[in-house]
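Written out below as structure tokens is the structure these notes cover.
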Amino acid sequence: MYSLTVRRHAFIAHSLKREVFGPARDLHGITLIVDAEFQAPALDADNTVVEVVRASRILKDVLAEYHYKNLDENPALAGVPTTMEFLARRIHDGVAARAARRFSGRLKITLRESPETWASYEGDVAPRRKPRVKSA
Amino acid sequence: MYSLTVRRHAFIAHSLKREVFGPARDLHGITLIVDAEFQAPALDADNTVVEVVRASRILKDVLAEYHYKNLDENPALAGVPTTMEFLARRIHDGVAARAARRFSGRLKITLRESPETWASYEGDVAPRRKPRVKSA
Amino acid sequence: MYSLTVRRHAFIAHSLKREVFGPARDLHGITLIVDAEFQAPALDADNTVVEVVRASRILKDVLAEYHYKNLDENPALAGVPTTMEFLARRIHDGVAARAARRFSGRLKITLRESPETWASYEGDVAPRRKPRVKSA
Amino acid sequence: MYSLTVRRHAFIAHSLKREVFGPARDLHGITLIVDAEFQAPALDADNTVVEVVRASRILKDVLAEYHYKNLDENPALAGVPTTMEFLARRIHDGVAARAARRFSGRLKITLRESPETWASYEGDVAPRRKPRVKSA
Amino acid sequence: MYSLTVRRHAFIAHSLKREVFGPARDLHGITLIVDAEFQAPALDADNTVVEVVRASRILKDVLAEYHYKNLDENPALAGVPTTMEFLARRIHDGVAARAARRFSGRLKITLRESPETWASYEGDVAPRRKPRVKSA
Amino acid sequence: MYSLTVRRHAFIAHSLKREVFGPARDLHGITLIVDAEFQAPALDADNTVVEVVRASRILKDVLAEYHYKNLDENPALAGVPTTMEFLARRIHDGVAARAARRFSGRLKITLRESPETWASYEGDVAPRRKPRVKSA
């Protein structure tokens, strides 16, 4: 199995308004360091899994919905705990939808919020089926 | 597949008293940088794999057996080569035993002893079966 | 010259409401990775510049004003561009005020907001003079 | 599953002479930071997956073909786009061939060319079957 | 003293054609991770040392002479050992020349070629005097 | 001012037998990640501060006294709190003594014991005067 990974970051504000999240219930912010790992069992004719610059641009496009934003003001996320796990899945589905035209395989998104904590979601990029948008 | 990872460290002394380990046969020490990665196929009602603070506390509790300790003086480890691989498995089983009450899935423990060397053990956290304590 | 450095982090939200800051004018957030470096020309009787655990606790106490907070709601910061440089100075003065009882020397605070950008402020910790609170 | 990883680096020059690679078509160079992860379901009698020093030496020997070299002058690579994915596979096969005498399991090679981009290849180390040399 | 640092990287090929450089005499390449640290005793009216985006663009412009290039083919560098120290100075002078219109203070350029080796040059950015181009 | 830095690591055991050090009073161990930064105002005829391979070898030679050792058994360190600050100074003096034959300038030694704590000592390398061995 081959993989190619690109990294970018986004500066987001949000709050996690449930008892379980303690101090994270207040509005705060994090630097999300985001890795998008494309996995495929074989290389294409140019010996790539995906072309690096194109992969990085797709990730940038998807992160534009989050970068320099307050997620609490995003209507699509109203009432949803925007945990790292949830965001990893949502970014996964966004990257998968954009990449599916030329890439088929597995995609793993990893989000780092601090040197001590990170989360990921890994799933298929299935070119024919519409990407699942709802969180599992 | 989702994952949530927390990182902590421990300062340990030990020796590896077999011919194969060369200079590591003498008593020395390492900073163990320890990652505990919890993996699950779905999120709970709060959109988490495990709650971050609880995960980090479990790892801290398990590392208390090693942190600021000389492993050569631990009777439970007498005569056992305490390699990184072995310690990864032992820490895995300790974290799994503590986490099993609320978490079921896979757990991967990674130990870094230097920027150039690390080891890991990955296995199931099975809430019903007693965690296996013996090294494979 | 000796130094001892401790690192902690804080999750903050803020906005920088001036034309020059472009997209950072909108409310967003960052993970501040904060290094406090204590510098002194000689060691004390225990061979330390400052005791590590105490240094780390002082930094934690000072960061409590920022961690899990929206700086836009802090009255003391109203109308002030809370750039990394400004925050480095403000955290410097907070740590200096708390450390001055037992430490005299230089203090450098470094703030990292991403793997690509960081800022610092370095100044004296003068035990007799009151720490300067106004930004230079 | 257990793993043991060693890291080394190599300084290489190369060019990627196809339209799709944009500025990388010109001769340039990269620092390849190379991780070799050996994976096995059980430990040996010394509690290791592979002995660390031996693993690191094997990786060093394999990287000698690349370190301080211009890959464009290597006849074995003539006309081949020496992408990170391709090199990960080639280094994998080199390490697998050397390690197979004493190690059987999975081997994952990861190559980092910058803090923002990396690639990997993971495959079996099959002691009896000759390692596959052709790229998939 | 305040500072603001930005980081970028460049992929270069070169050779160091003197006896003392051993294997580095052959054409090879490195990933240069480049930090530009701007230092000033006071902040401007926006609480910045330099504006981050502008600083990063200046560094990008200066690195364009090196990124994806073989330094051995640059006539300006003919016969010169392009060591990290030398390149740090040359990049320093390039950044200083571009930054001097709006910035006055100290500038430190650090180049990392591997996780184990780096070099730097630090000097004044003097807005009135022409930047010195010759290596010291 | 120019600088050239090399990094190595050492695995040491020790204990800090004074009240102030809390749990560190027990025998434990750390991975010391050691940076030796050589600083000079000008480059030599080969455009170097010091030759990289030589610098790294000097650091390796000096660390041999610590690597894979229990510092509590070193008679030269009997009764001395072997804090990071103290070790930074001692390693500084060892490197300075060995480097002084060909290098004159400043030398800074930085020791990292964890991702959250490090210490340094910086002083002159004076070729004529004998290096000071006693801690300040």
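Just so it is clear, A, B, C, D, E and F label the chains in written order, and each chain counts residues from 1 on its own.
As a working rule, a contact is a pair of C-beta atoms (placed from the backbone, for glycine too) under 8 Å apart; a residue touches a chain by one contact, two chains touch by 3 or more.
Please read all numbers here as calculations on a predicted model, not as lab measurements.
Any chain touching subunit D that also touches subunit F appears here: B, E. For the pair subunit B and subunit D, chains touching both partners: A. Listed options B-F, A-D or A-C contain a single repeat of the B-D interface, assigned here to A-D, on the basis that more than half of the contact pairs agree by residue number.
Placing every chain at the mean of its C-alpha atoms, the farthest one from subunit A is found to be F. Centroid distances from subunit D, each centroid being the mean of CA atoms, peak for C. Centre-to-centre spacing of subunit D and subunit E amounts to 31 Å, using the average Cα coordinate of each chain.
Our note on geometry: subunit B versus subunit E, Cα centroid distance of 42 Å, whole angstroms. In subunit D, the positions touching at least two other chains are 115-116.
In terms of inter-chain touching, the protein chains here follow a pattern that is not a line, ring, star or complete graph.
Shown are all chain pairs that touch, namely A-B, A-C, A-D, B-D, B-F, C-E, C-F, D-E, E-F.
Put simply, subunit F touches subunit C in their complex at residues 18, 20-22, 80-86, 88-89, 115-123, 135-136. Against subunit B, in their complex, subunit F makes its touches with residues 9, 11-14, 23-24, 26-31, 33, 67-70, 113-116. Residues 1-8, 41-43, 46-49, 51-53, 56 of subunit C are the ones touching subunit F in the complex.
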